[in-house]
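Worksheet for the structure shown next.
All chains are identified by letter, namely A, B, C, D, E, F, G and H, in their written order; residue positions are counted from 1 within each chain.
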Amino acid sequence: MSLLNTVPEMVLTTKVDQLLNWTRKSSLWYMLFGLACCAIEMMQTGGPRADLDRFGMAPRATPRVSDLMIVAGTLTLKMALRTKVLYEQMPDPKYVLSMGSCSNCGGLFQLAYSVCDGVDKVIPVDVYVPGCPPRPEALTEGLMLLQKKMMQERWLVREPRPRAGAARA
Amino acid sequence: MNTAAIQQLLHERFGSGVGPVESARLSDAVEVDPLSVDEIALFLRDQPDLAFDCLNNLSGTDRPARGKIQVTYELFSYVHRHAFVLKVDARRDRPQVKTVENVWPAANWLEREVYDLLGVVFLGHSDLRRLLLPDDWIGYPLRKDYVEAPEYHGISTVRESILALPERR
Amino acid sequence: MQFDYANVLVFLGLGAFLCALMMYLGALLRPANPERAKLTTYECGIEVEGSSWINFNIRFYVVALVFVIFDVEVAFVYPVVTVFKQWVADGHGLFALSEIVLFIAILVCGLVYVWCKGDLDWMKAVTPSPVPAPSSASTARGVAPVAQGRADVAA
Amino acid sequence: MTAADAMFLALAATAVIGAAGVAFSRHILYSALSLMVALFGVAGLFVTLSADFVAGVQVLIYVGGVLVITLFAVMLTQGIQNVEVSNRAVGSVAAGLLTAGLFVVLLRAMSSAQWVKPPADVPTQTSTYGIGNALLGQYVLPFEVASLVLLAVLVGAVVLTRKETAE
Amino acid sequence: MRAYLDAVAAGYPSTSPALVYLLGMLAFGALVVFVFILPVAGITSWVERRVWARIQSRIGPNRVGPGGFLQWLADGLKNLLKEDVIPAAVDVPMFRLAPYVVVAGFCAAFVALPFAGSLIIADLNIGILYISAITSLVVIGILMAGWSSNNKWSMLGGIRSATQIICYEIPVGLSIFPAVLLSGTLSMQGIVAAQGWAPTSWHMFHSPFAFVAFVMFFVGALAEGNRTPFDLPEADSELVAGFATEYSGMRSLLFFLAEWGNLYVIGVLVSTLFMGGWQVPHFTDNAVVLTVAQFATMFLKAYFWVFVAMWVRATLPRVRVDQFMTLCWKYMVPIGLVNVIGAATVMVLLPDGSIVLRLIMVTVAVAILVQFARRVLFHLHRADYGRLGRIGEGAA
Amino acid sequence: MSAYVGNIVDSVTSIFDGMAVTFSHFFRRPYTVQYPDRMPVRVQDALPYRYRGFLEVDLEICTGCLACERACPIDCIAIDVLKNKETKQNLLVRFDIDLAKCMYCGLCSEPCPTGSIHHTREFEGADYSLESMVRRFVLDPVETYKPKKSGEDDPAIVPILERGMRYVNEFAVPEAPPKPPKKDAAPAVKPAVGAAAAEGQP
Amino acid sequence: MSLELEFDDGREVFATEEMTLNMGPQHPSTHGVLRFIIRADGEVMRSAKADVGYLHRSIEKIAEKVGWHGFMPYTDRVDYVAAMTTNQAWAIAAEALGGVTVPRRGEYCRVIAAELGRICSHLLAAGAMGMDIGAITPFTHAVRERELINDLLEELCGARLTFNYMRIGGVAWDLPPGFDAKVLRFLNHFEPYVDELDDLLSNNKIYIERLANVAVVSRERAIAYCLVGPNLRASGVRYDIRKHLPYSVYPEFDFEVPIGTGRHGSVGDCWDRYIVRLDEMRQSARILRQALEGLPEGPVIAKVPRNYKPAAGEVHVHVETPRGDQSWYVVADGTEYPYRVHIRTGSFAAMSIIEELSRGLMVADLVALIASFDIVAPEVDR
Amino acid sequence: MSMTTVGLAHYLVVSVVLLCLGLYCVLTRRNAIGVLMGIELILNSAGINFVAVSRYGSAGFDGQVFAVFIIMLAAAESAIGLAVVLGIYRRMRAIDTSRLTTLQG
């Protein structure tokens, strides 16, 4: 029933793809998933100064309606398993943005016994944002990068490359 | 009332269970018997001229050199605005200390924390479970000889430094 | 008149059609990767214990019962207030008014009754005093500290 | 067949299907939802009978009120959702026979009664006024009594439910 | 609309009028649903985000399309592309059906909304009663959604929501009565016709009781629409996303669609019942122009209330579940009952209404507005944000 | 009864006032900085001098003293220095900083004698992979810098060293404060500041 | 899990079944990753057990690995909402062990930074309180004000959140030129803002109703559970480390210690805890003004060796953070690494009382309760 | 019964069908709430009868008034009925009409 990846490449379908990608990138709903200090910056990014809402990005409380999981903060081993569950509960297409040193690679808490060194050990990450914490503008920049990535995806057009969601598995 | 005076009082009341004033630099303490600490605590709380109504801090220190785990209680009295430090030494191989949970409810969590991180068993504690670490954690990380497990639920706990990776630029 | 109401059917149908259309369009475009993990029930990242199809608090039910009665009352008053203007114009306003007042007054008795009996309070405890009402034996133990806390406040 | 007939048939079918759903659903919640369908069907039938106010009240009270408390009650008494249709007192076969019998008898009685009269004029005025006038005039006593009944029901229902909470 | 269809039917004597009617109704209905309801609900979501952002010192969606106007479209289309997750533990038929019931119930309310003197889908005799009745479908839908999700948050949210909607039906019903008393009819057009374009002839300024009824109606309608301060079912901070917690993609958007659309319905109802509806001065004989003016008036009035609802939402905290019960049963219901009696009494005492009373009421309203403006100025004066530098302004 | 009415009155008045507060925001400027494109200046340029963004190394003035590597609590700097046998010069063969791991604490730039390693005001570094976040400053081995007793005279290095020393001077020095804070410096940079502060008095 | 009583003959008595709800770790209102296992009967909770540790980052253990100087940035992460005060606590502890005296100007810088941080933290607490009660606007306004402070602190130390400003022996950077004027300008703007917050939120009837009389903590319970800081003061205990166990240069300032008065309910309810924080912000502003006025000249940092090795000893340090008395227990053994560091934080104590307080509250009250204690997850877990 | 125009008979047939289905429901349901739903069906069929007969009989509103009263009674009945059901339920934890008899006394 689905038209996904079924249509041969044509100008029209490419255009439609672009339109669809545009809607997805313009309405990036992220899941409220603040873990630690970076969460404060994430909050401030949604706040008056940086205002992610400008780009149509809105926080959502449940994974079921989120497109994006911003892993903001230190991922402890105890939390890592929950994170996996939450990630899996998000409907496709879904993305993960790792914000801050801790979720990139453990950062300063690589020395710790209880911290998972990097969220990419549990779930696939699309964009890494360095910083500790990344300032709101840096997060915004990471989101822009993610948008760029989304714009390159194909929906209708048949293509040999599997879609991002599958590729990351 | 200063530490010496309190030690005097305690010694009068409890005799041999109470050690002399133990002076570390900057901090005086009285060491008491781990198995009668609850009675001493009760006394300290209920004696009107002591009235230590608040357990300000409770922490454990691993001292492998002495084969002990030292538990430190910092007491404070809001009535008299004075403080007092109590210490007990538990044997490192079988650390057991009587709980003071019934004297100060605040001890509930503090003792759980010490149990969690150092493995001191507080006899008589109502709910001695791990507090911070997951229930299935192995070992007591704040002990000096703790070694990190290589993985937790399939998540490896070490991360190659990307600095060590071959040149990719 | 029946024509007017046919519109209702049309709109009900259109509403459903709207949903169906959206879902169909979506089905054309959306991916479908139902994995086992994805289909687990969301509970803040924790594996769910037990079904949520269990009994919920009876409070909601009591409130619903009271509602039904008043709903009926509202339904009864509707035709009466509709003709009221006419009756006033005909000079029988006072009679109609007294009928309405009587009708409402009787029901107010009911309202007053449930109010006084505390059936409109969610928990009898929360608003005036912080002591929770023990709704079953198991909480009785738990109540003590809070109650004690209140005693302290008074002291 | 006129449009009105078609409408009647559709609504009657809705009502009957809904009712059948109530009677034969295995799941009590599905029964309740079928009841909603049936109630809407009946409301529609009221409209075809020019009783639009009654239809409105039907939806307002039945769907908005009775059905909701029924759903609440069902949800309040979970764990017994799946009720087998077999009944030790009256088996479904026996019940089916019984009701079928009743159905036949009633139909017979109806057709033999010969009371079908030609339809009266459609009232031009909305039924709300008629009912309102009736309630304030001819039926003023039942109207007030209704309020008493409601009062009694309110008190009774609340007392019945409350016992539990007091326990 | 009936008249128009009659004319069309007369033009095609060979076809059965019923068919014409049916096609006409479908066409009109589709027009309303797809060209009016959908965009209005969508745009409302955008406006809400903008208004909200402004109140919060932000800007809100402004990148997607001119001024962010296409945000709603992007959101809608995006959700089309989202996977439709139906969790394993749910009761599948009911889970699927619930949004249908909610949306159908909400769409059906549009049947009786008077958009202009000649623009109404069907001026039902029992107009306002019909609207309060048909919205009970939403309750059923929400209960279905909450229960079928088999999720504790959904369950709690669904039941809270249902309880809330049904409870507030009583005060809402009671506050409709004064308007009905004054109009002597339940038909929506009848109620509008009973008022004039001038504020003095609006129902809300008829007497203090009518005014209280008006306030109560708005508050109650907010509660019925699950809007702040009564947004308990969706209380993010408590219940995650309430009854819609398990719904993903399009399905969840349908619930939101109903919510935003409902906001507009509330606006129309308030304007119709208490603010003279589409009434405009009869400034021209051109029926089309007049209709357009009426439609615009109605739309603006309704949208004003939509705006107020957004504004309220951005201002107030949420009440607790026991407090909304208290508010409903201990405050609004008794006041509503008194109000009905009061309004009826005023009618009996002053059968033809009193212009003095109306003028006093209008003056009071103006006084309230003036006081409000003074407070706004005071707040503006106290905290002058214009003086604070921002990043990028004047920095080295 | 009075409590009943009081509750109503309280609610109405307090809500009324709250609504006035929120309404007044329609007449206030939004606080948003429209980051990527709609800004008067680049964010980087608006950031304070001390801002601890990404680390950067001026290899020209790096002495290869490894103070920074040692100061970093989490080892995210890797420096390899080779001794060139012939010239007796130290060769910097590797100077890598792992920006993905760095916590931007500034501890490394504090002990640097020349201000070679320093935080920039750059913060935009999001990427699709972690590997690209390692900044490898040494592409070809370079000689380390040797401070000259008489002061620097190489015109190519002077400005770099000046910048470096300015950076170092920002840090508080124990014995003698670098320079007493110039009270009049502020209006020179931002004329608006002083005036606004005076105005801002209620 | 159902609670069923049984008749003698084995029949069960009706009781509404108990529902076990998991709130968190990912939940919008748990302020980071906390988890509560709620056993609820409909809306009323039988208990809410806290499950913490989702943010346990083993900071205490790391202290034993990174050395005295290197631990400073980690203290930022102990309480990231108000990193300055935690910085200060660590600095004080290390200084005490090493016998370092901080220059007076350094102390003033510390106080200025710490009080700005306190305002910052209380703003977040007050805003989050509003948000959890359902009013989102006050929260964004608070975040806006925070941004102003963040700008100031950024200018001071180069970071918005993880300041790493203080050093053993003083502070890392002197106040930048013109900083005092900017702080004053901010204060002139900020003090009216707090009044506005009162109008918008604190006096709102719904807000008061939601908070007054909810989760009342009596004086005795507060002390027994070792509640500290605003949480303790809200219960009517006038105790502030800055005043009663003074450190740094706080004795030189004139400020008051606000306590809960039970204006709308009983002393020690959620509303009191909220309003105490608001009052403290005003007091902090007062301290800031005094500190800026009396700012002495001189160096801001003492000479401290890079290889810091305090002699063996142990010290208990108490510092008034926005979440109350943070009690540090630091043991030195004469090496470059601390032997043991233990931090008892305000949130930790507050967290442990929640289970007891939660009984009989409603689910929505739990949210208010958590917010009113101003719990910051890493402070609990460290 | 002709199918050309809808008359009273048609309504009565529908009413009878509803009645029978309701009765069947009442008889077979072990679940008391199901029984109540059956009763509601029966009352509805009565309502149809009233309205239909009054519509085709006289032009008055008596039938409709009766229908409204019936709806009211139905609401009252289900309110009480459900309350009773809950009362029984709390004794037995199951709404099973067949067990009602066994527990008398």
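Rule of thumb we're sticking to: a contact is a pair of C-beta atoms (placed from the backbone, for glycine too) under 8 Å apart; a residue touches a chain by one contact, two chains touch by 3 or more.
Since we're looking at a predicted model, the values are computed, not measured.
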item: Chain at maximum distance from chain D, centres defined as averaged CA atoms; value: F
item: More contacts between chains, D-E or C-D; value: C-D
item: Distance from chain H to chain E - Cα centre to Cα centre, in angstrom; value: 35
item: Gap in Å, rounded to a whole number, between the CA centres of chain F and chain B; value: 41
item: Separation of chain B from chain C, taking each centre as the mean of its C-alpha atoms, in whole Å; value: 52
item: Gap in Å, rounded to a whole number, between the CA centres of chain F and chain A; value: 27
item: Residues of chain G touching at least two other chains; value: 13-17, 19, 21, 25-28, 43, 53, 56, 58, 61, 66, 73-74, 137, 140-141, 144, 147, 162, 185, 189, 192, 196, 199-201, 204, 206, 220-221, 356, 362, 365, 381
item: Interface hub residues of chain H, defined as touching at least two other chains; value: 68, 71-72, 75-76, 78-79, 82-83, 86, 89-90, 93
item: Touching two or more other chains - residues of chain C; value: 1, 5-6, 27, 29-33, 38, 40, 42-46, 48, 52-56, 58-61, 64-69, 71-72, 74-76, 78, 81-84, 86, 96, 104, 107, 122-123, 126-127, 135-136
item: Residues of chain F defined as touching chain B within the complex; value: 75-76, 78, 96, 98, 100-101, 130-131, 133-134, 136, 139
item: Parts of chain A lying in touch with chain E, wherever the complex brings them together; value: 19-20, 22-24, 26-27, 47-49, 51, 53-56, 58, 60-62, 64-65, 67, 89, 91-93, 155
item: Chain E to chain D touching residues, read off their complex; value: 16, 18, 21-22, 91, 94, 97, 124-126, 129-130, 132-137, 139-140, 143-144, 147, 159, 162, 166, 169, 185-187
item: For the chain H and chain C complex, residues of the former touching the latter; value: 68, 71-72, 75-76, 78-79, 82-83, 86
item: For the chain H and chain D complex, residues of the former touching the latter; value: 1, 3-14, 16-25, 27-31, 33-34, 36-38, 40-41, 44, 47-48, 51-52, 55-65, 67-69, 71-76, 78-80, 82-87, 89-90, 93-98, 101
